[in-house]
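Can you keep this structure in mind? I'll have questions shortly.
Going by the order they are written in, the chains are A, B, C and D; count residues from 1 in each one.
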């Protein structure tokens, strides 16, 4: 039950994008097409879960025993970067189309605050390994939910007769804001 | 100091090792020439070459699907550079500019019905060729303006398209977009043009539009020997290979379909 | 069986009670060479030639091609590109009538269709220039020649006449019931089928009764009164309504073992064989609020529109639209010199204030078009995509399955010109497909040369 | 252009039956693509129908909350119209005041506000509804979210105090500074939150909920009047049944299960159906065409999603009322629903014809 609530909380109540405003860069960058958004979701889910877990292991296995907590950020980034490179290599081979459409946003997962934020949050909350893994996956799913919903809207928006000055990112931000407003309805759902 | 260094480099080494293995497993061959060509191209992604953007064109050049001088927009130097990347040479070609061969605005051209429908020439042309009484008249709904990536087409107040020569890159997109085939690419240096595409006999053409070419041959007959303007099928054609450059020619035309747009013309009408 | 979608426009079948009246002979006729879907024939006459009534003016080139014939005797005034109902001038033969209406000596002798072989019947039908008279004008002999691998077991006679205003088929069924049923029997013989269905919309029970009474003993036909709903007369929907079979997307009726023929076509086939007479006339409804005296006219193919309107008392001053065909799928005309042709089922004259003006307002996603589309498409989304010129996406939305019936635009509260979007979209999507095909061919060819090199 | 008269078979000219009124010159004719006739409905007609259908609910609200409600209504409608006009001016497009869509947004917004709302709250709401909810997207037809609800949720989150100060209904004479109280759902939520039972909340009876003699946004209180309007819309063919039915069914189902499991802490589904903004939401807000799916299957999913989310937020969320949030969330999902509920193309996949049928 605890874990179910944790998952619900991470997806709906404390959605990484819409409530914590983390990972806005890919949220705006790869949401123009649903297929790209789905690809990005998969990539982020992979990187986030694995990176958070490995980071937890490194933190509790290496950094804390040797009193090296101050190396947290740099070592986490290192791990995340390696994960992202791995995904990039695999995608380039397995799905060149998706690789091309993700473009610069794929390597940019490295500097995605959502991924680092997730890893750091797990450490800060003193979560267990299991909770870390589940929370990271759920957080990535929350990111994915927001991204997929948003990309659906943006595909339709691309057909709209939007005033010139609002075209592109401007209207996307307005939409994201409204989406965030509606996600606030979940406030208080957990705890 | 030693421990943190060892820990960090250890993590780095491990990650590096994993990546090296992954790189071998997921190895993909890419042609570095494609990136170099993409960099050399203008990057406007106008699609004038017929491919989906500059990157796609570069890939096509590398694969041999497109000629290295296939980019209609870039200058001669870039073409040469692109060709040299794939080890070829290109021929120089004269700079061109698009020209709309119609000046039949609503003030001079008659309409054959009241059009009600989409504001797009190609859609209007589905209904009996459009509402202009002239079968070769500009419909004025701006398909050429819409496809131009460089803002080089404007619509005159009387509803006929006009090229802004200074902005035109001769990419040819408007040529393909015009359902009435009114747009041609002509040499930039040419100064005399026949701005009409109507093949009807004189009286019929005149009834449809007051600035139509009637095929009267006054321009053709003004030449002694080999005429540089010829009338075929009731329409005059400029021989752009040997383009005439005489402002006086335009004065011969009874309807004003033969125009001079060289240095001696008013600034707004010049093409060069 | 009822198909989903469709609309119920106001029917205005005011001319249903008017007897078919023969149009008097005119001074001149303009006979376009291309009056059918398929290759236009080769012209056989030249300026100055004397022609007789029913004399062929062109000969077919290839299988999907039919000849056209002189509607009366006279002199060929010109062979030139002349106004055509489809909008653009097309090659046509203009005949100046000599008033004698002298028949051609070379006519085929009358024959009994019950004694002729299917192949002979097909030849006679092609030689008579018979095309589908419902409006699509596909050569009838082609439709009656299914390839051997398609087993056709059902002939459907289309008497739905679901277009508002038009009553030509209705009158033909009432006044020529015996000929319709004989023609049906003839076509069954050509196809070698033993089963035929006659489908008529429920607003014409008298037509169904007339046909049932006139049905010869040796013609096994079933009669069905169909729901009055547009587009009940669409081939695919008629087949579904009568037999429950669904023609697959991109498929033809013969893919589900059916052939659909219009009632007028049945009469034309019969006349071609029984009397040896080519198709030089048809019944057309001239109606609408802007015509002074509505008529069901038997009019010779090639009669100029202006003369037909004049015969019907002319148009009122507030005429806004003149349409060839019905109001849902008909083609708006602008040149009074266009001739009525084999596919012209009616001339509809609408007043200025009746003519729908498309406004192209924004789509409010009300979904009325989705409910109305008989093909199960999503016109709202397709219209938006086409409006943004993103034609390459239209394939995903099955644009080629659109039958252009107009149901979507009929109900659209924003008055969006959806059908125009789709006509354009179809053309553009076909171009894209063509390009892709050419590219794959090129790639394949290159791969081949690379392999051999 | 002169007419050629017909000639008889003998070659002698015959006169036309009646003289021709006026020769038409071709350029006078209109040419458009087919079809050439139309069913008759247009966008203003639809908007007028919805406004008419809102009348009973509106009158009930005015009856119970008096002048305060009228003030909110007038302010909201005027604000929306002014905003629409201003936005059109800003983006240099023709103002579309005559399609009644701005009026409708104003009325819906007003009905979603407490009758005691300060004037600035109403005007901010109007500006958000038309500006942020609609105009930035390009106007009617292109907005992904229901403009009135965007404004309501925006106000609810920005000004929680003003947006939850409910006037107690006292009939047409209700004073502008009337006493305030809780909404039925709010009272229940509060009681349960304090560890007491539903019965302790002292919520009004079903009869009061039905007629609307309860606290709440001024247009949402009378379930009966709203239901009447909704049914009329259905009968006029303006809305399709899938959304309201699925909406109410899903809410009833979830709240019903919860109620059966623990009646002390979960109110009966009838209270949930009649209380709060559910009737207004299910019949008038969720049925907004622009922001709901186009296919009937999609509408069912959309309605059910709205109902489910409403129930979840009401029962377990922090807010006593979840209709606005639920509809906005489902608005966001509409493009995806549309994508995944495309109708089957005629004749596609399922083949009815087999050789056996032919025999």
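Simple rule for what comes next: contacts are C-beta pairs under 8 Å (C-beta built on N, C-alpha and C of every residue); 3 or more make two chains touch, one makes a residue touch a chain.
Remember, it's a predicted structure, so these values are computed and weren't measured experimentally.
Asker: Could you work out which chain's C-alpha centre is the most distant one from the centre of subunit C?
Answerer: That would be chain A.
Asker: Report which of B-C and A-C is connected by more C-beta pairs in contact.
Answerer: B-C
Asker: Would you mind pulling out the distance in Å between where the CA atoms of subunit B average out and where those of subunit C do?
Answerer: About 41 Å, centre to centre.
Asker: Starting from the mean Cα coordinates of subunit A and subunit C, work out the distance between those two points in Å.
Answerer: 58
Asker: For subunit A and subunit B, let me know how many angstrom lie between their CA-based centres, rounded off.
Answerer: Whole-Å distance between the two chain centres: 44.
Asker: Nearest whole angstrom, what separates the Cα centre of subunit A from the Cα centre of subunit D?
Answerer: 34
Asker: Which residues of subunit B are in contact with two or more other chains?
Answerer: If we look for residues of subunit B contacting two or more partner chains, we find 112-113, 116-117, 126-128.
Asker: Quick check: what residues of subunit C touch more than one other chain, meaning two or more?
Answerer: 332, 334-335, 355, 357-358, 362, 387, 417, 420, 423
Asker: Out of subunit D, which residues touch more than one other chain, so two or more?
Answerer: Correct list: 26-33, 138-139, 141-142.
Asker: Graph shape for the chains shown, where an edge means the two chains touch. Line, ring, star, complete, or other?
Answerer: Shape of the chain contacts: complete, all pairs touching.
Asker: Which residues, counting only subunit D, touch subunit A once they are in their complex?
Answerer: Per the stated touch rule, the residues are 91, 93, 132-133, 135-139, 141-142, 144-145, 150, 153-154, 157, 309, 312-313, 316-319, 322, 324-326, 328-329, 331-336, 339.
Asker: Which residues, counting only subunit B, touch subunit C once they are in their complex?
Answerer: On the subunit B side, the touching residues are 64-65, 112-113, 116-120, 122-123, 126-129, 135, 146.
Asker: Taking the complex as given, what residues does subunit D use to touch subunit B?
Answerer: Residue positions touching the partner: 26-33.
Asker: Inside the complex, what are the residues of subunit A that reach subunit D?
Answerer: Counting only subunit A, the residues touching subunit D are 34, 148-150, 152-153, 155-157, 160-166, 170-171, 174-175, 178-179, 181-189.
Asker: Per the contact definition, I'd like the list of subunit A residues that touch subunit B in the complex.
Answerer: Its residues touching subunit B are 58, 62-63, 66, 68, 71, 74-75, 78-79, 81-82, 85-86, 89-90, 92-94, 96.
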